[in-house]
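After this come two complexes, each holding chain A, first together with chain B and then together with chain C.
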Partner chain A sequence: MDLELWYTEQHTENVRFSIKIEKHIYSAQSEFQRIDVFEAREFGRFFTLDGCMMITEKDEFIYHDMIVHVPMATRPDKIKNVLVIGAGDGGSIRELTRYKTIENIDMVEIDEEVVKVCKKYFPNTACKLDDERVHIYYEDGLKFVRTKENEYDLIIVDSTDPFGPGEGLFTREFYGNCYKALNENGILVNQHESPYYNSYAKSMQRTHRRIKEFFPICMVYQAHIPTYPSGHWLFGFASKTVHAIDDFEPEKWEALGLKTKYYNTDIHKGAFYLPTYVKELLESDEEIED
Partner chain B sequence: MIDERQSKAPIFEALSAYKKKRIVPFDVPGHKQGRGNPELRELLGADAMALDVNSSKPLDNLCHPVSVIKEAEELAAEAFGAHHAFFMVNGTTSAVQAMILTACKDGEKIIMPRNVHRSAINSLITGGAIPVYVNPGVNKHLGIPLGMSIEDVKKAIEENPGAKAIFVNNPTYYGVCSNLEEIVKLAHEHNMLVLADEAHGTHFYFGEGLPVPAIKAGADMAAVSMHKTGGSLTQSSFLLIGKSQDKSYVRQIINLNQTTSGSYLLLSSLDISRRNLALRGKEIFKKVLDLANYARDEVNKIGGYYAFANELVDGDAFFDFDRTKLSIYTRDIGLAGIEVYDILRDDYGIQIEFGDIGNILAIISVGDRYLEIERLVSSLSEIKRLYSRDKAGMFDHEYISPKVVLTPKEAFFTKKKSVPVKESKGMVSGEFVMCYPPGIPILAPGEYITSEIIDYILYAKEKGCFLTGPQDMDIENINVIA
Partner chain C sequence: MDLELWYTEQHTENVRFSIKIEKHIYSAQSEFQRIDVFEAREFGRFFTLDGCMMITEKDEFIYHDMIVHVPMATRPDKIKNVLVIGAGDGGSIRELTRYKTIENIDMVEIDEEVVKVCKKYFPNTACKLDDERVHIYYEDGLKFVRTKENEYDLIIVDSTDPFGPGEGLFTREFYGNCYKALNENGILVNQHESPYYNSYAKSMQRTHRRIKEFFPICMVYQAHIPTYPSGHWLFGFASKTVHAIDDFEPEKWEALGLKTKYYNTDIHKGAFYLPTYVKELLESDEEIED
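Here is the complex of A and B:
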């Protein structure tokens, strides 16, 4: 009989998601979290933090396309100074570096070990971390952004879930500090959890409500990511002045000739059209029960 | 050798053994290890309920310890460097009261700073000792009371040669220490005892680079809130005594007011926390100090706030500072401490220890991490960005010297009448008024009510301070001497 080795993530108390593992490649406890790397037939290589799925080789393009190209395509020639918080796997950086017009990328990752592991085991994702425009700071994102004022054209919050080391990146103080760190036409894009399972939907509601307190324009868009809980994942798009669809000029992005696997200028608009129940959850003043 | 002894926890071990024996309880408590109260068991957990037991031969008796509690007390005494340590389950309040009742009989004098905790003045009401108040030094800019200056203590001793004891806060709620060693020297030269309220000083005994702990400074007794910075359960505390004190007499005094059903949850929490601090206290409080120093630097970088520390040390009333305390002056951003305290809780989900008129205080302790410190600092930065305003018109004095007309005991038990606070000017208060925390009285029984005090009470109330003390829960009226 074959050896049955399975990775299982508990998506809710009553729902489990499993991937058959060929090999457990790496496991270590950093100062902040447990890091594991696995090899699987269906999803290729993937890694987890404290047991939660981060990226797989097979579907990481969806997440990274959507967290980077949606804001970038909205103002392709104007975004020059970018702050990325989290993103230790390097995928967001890889996509950002494809834009020649970007002059500077500050990346703030709390856990240096994650970057080391990804450089070693995910060379296709962590391939642009040495780009000369990229400056990596190993510290708490909340601390980094606190000292910045009116500096960035784009802030991408590529965080883990709001428990563990990423917790501070879902707080009111964090979004307030992001508002302060962005310039007049700056855009904040964040990993916005999922609308489906209650515990994730609750974080989604809370996050949306907190961002709305600061930003006059506050939009949410979606993507389908097979390995994340429920597969239905959201991103936030917030700005003081820029609207993701009204100010979107698709021709400008098309002219760049970037080849993408998930993102295109149709899905840019389409991703902002949300299912009714998601709209209702986002608009509701009442928090759903866990 | 010391480590080997200190790695024991006799009460905890006896409880574990007791639990394993599966004794059939036909004694109190009636919940019978939680079976009789499933909802409470659900809330607290079956293990905690099973440890909530009665004193018995294998578990000793708090009122008259002869076995495991005695042994645990001796280990605690060794850990703190004291002649003896009593396990207290009625709060540090009871330890403070036991000190004062031990030192002073009815009608005898005790020298104390006026910024004592209410528990000290309470014991003057129950025991009849007469306070000789030393006005604490005041930092006018921050609006906080400090420690006592040596000159003031000397003067009080000279004017009251018959006083039995000097009571010292080590440190104050804000972390300020008096020159305790000098006060001990002066007191002992004049046959007076030194009693230290170390409600906020547990860590002094275990950390490095902290102010001197009272027993080491030669104080005769010290009340130590193990639960505040030492990790034990709320309400558990130690009373430490030096060689000058008769252990069995102090025990008798403690037993006057102490429960005869001492909680084993509290006792074992003291026992385990003592072990933890004795074995690991040095590294724990080094980390705490690092966190507090880091937080202070970051808060000061924001600008507008002032997180103060040793730069204020002046060799006298601000003799030393407990750097684990994160005390932050907020008035320069136009917000009262109590307002920042409320915004932190309501908008940012952060609960700090207290806010008064000009300052906030965050307790940094054994359980803290950098992640939470970053949240606190970032929230303060946001509060400044979103709420700061002109500071004109803000109330700017915190400490008001009392005018004592009657002893606290006389005033408390005299016939009184209720009058509106606003109309109480010129009368003598019959009760306490204080903001809680910190629980330091604005008015104590027997003190003259001035318009300055009335203004202060009304301002504190308007700003949202939690005022306590008076019989009238709304603090509209105050009981005054009829």
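Here is the complex of A and C:
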């Protein structure tokens, strides 16, 4: 009989998602986390950090399209200086470097091992880290932003979940520093967890509430990412002055002629139209354990 | 040690979705299919037909909101005579009966056992089957529509997947007969599978192409349904004359004062804004095995 290997992720205590794998091709413990790379027939290569799915070759385009093109298309000609926190797989950088108007990208990744592994095993994702506009800092993003003031047009928080090395990137202190690090029309985009399972919904609510303490414009948008828990994933869009729909001029982005597999200027708007139960969770003033 | 029971659904040959269950509370083989009912902590009660997830107490509202309120809200004052095919769990009927303007609902379910099981185990879903406007026919939907002409304002195909007892509801003959059974401004809505995994995407493409052979207006919309394969689920909206967005007047639906947990008049539009890769699959003229 053939050997069957399955990677199983525990999405909640009561839900499991399993992927049949061909091969477990890499495993190591970095200073910060466990890194594993797998090869699967359905998803191509994928990697996990501490046993949580990060990206798969099949669908990383969805996450990266939505975390990058939504803010970029809102102000395609005005965003020149970008800070990316996390993003060791290089997918967000790949999408950002497609914009010629961007002059500088600071990328702050806590774990150099993630970048090394992705350069080796995900050459189509970690393919633009050598772009001359990209400056990589192997540091804690929480500390990095403390020193910045009125500097960036866009901050993308492309982090892991709010536990382990990514925890600091969901704190009040961090969001306050992001506010300070952004210039007047700056935009903060972050991965915002999922509304569906209770445990994720609580951190979604907490995150949203904390960002709202600092930013007058605070929106949430969604995408279908089947390899993340529930497949219903959210992103936060926060800004001092820019509204992701009212200030959006689709023609400007269309004129750039970028080809994307998930993002388009219709979905730019549609993604912000949330199900009623998600809106209610976001607007709820029910107490959440802090 | 405690006994652990897991329900596992094979979403593709290489992907499994598993739910921890408290109890397997019912199992029977009807004339048409195997019916199982489970109790789970995360999802409440759920039932499967031939091992495929149908509805869970936790999220049946998503599917039923989207299959009913999208067409109803498009013409809330004009839809009086409705045909529902499948829908043995009663959820679509429950949502339809909230519209006072509807005068008649014919429900055609092939398997009386499904209705009996749902009345017993899902009293909050199968709760309006006794509404005096509802007429249930335990027949094959494919045969039922053959005899109908210029009769319905709305046909909802709330079916299982395109194999087993639901197979006939994905044929050219069936869509042609639906066209004939609808009146001039009639709308056909059907569950349209998923774009994400290749096997589902093929039946989505085939279904869309077949409906397009008959209906001049042929649209597709999406919802986040985490318990279905990939969680990215589609519905078809087809009509002779009515456009789901251009002819949609949100104020009319808002005026009804219906409370819904997923549907709202923003998501009505947003749901039709599909990711680029889904649009490309739907528009592709690549040959599909028939």
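The rule we apply is simple: the second predicted complex is superposed on the first by the 286 of 290 C-alpha atoms of A that agree within 3 Å, B and C clash if a C-alpha of one lies under 4 Å from a C-alpha of the other, contacts with A are read in each partner's own complex, and residues count from 1 in each chain.
The rule is simple: a residue touches a chain if its C-beta (ideal position, glycine included) is under 8 Å from a C-beta of that chain, and two chains touch if they have at least 3 such contacts.
Quick caveat, the model's predicted, so the values are computed rather than measured.
More residues of chain A lie in contact with C than with the other chain of the pair chain B and chain C.
After overlaying the two complexes on the shared chain, residue contacts for A:K180 are found with chain B alone; chain C is out of touch.
In the superposed pair of complexes, A:D140 makes contact with chain B only, with no contact to chain C.
In the superposition on chain A, contact of A:R41 is made with chain C only, not with chain B.
When the shared chain is aligned, chain B comes close enough to touch A:E167, but chain C does not.
In the superposition on chain A, A:Y262 contacts chain C only, with no contact to chain B. Shared contact residues of chain A, touching chain B in one structure and chain C in the other, are absent. Of all residues in chain B, only 298, 301-302, 347-349, 370-371, 374-375, 377-379, 381-382, 385-386 touch chain A in the complex they form. Note for the complex: chain A touches chain B at residues 140, 142-143, 146-147, 165, 167-168, 171-174, 176-177, 180.
Taken in their complex, chain C has these residues touching chain A: 6, 12-20, 40-42, 59, 62, 196-197, 222, 224, 226, 230-232, 260-264, 266-267, 269-277, 279.
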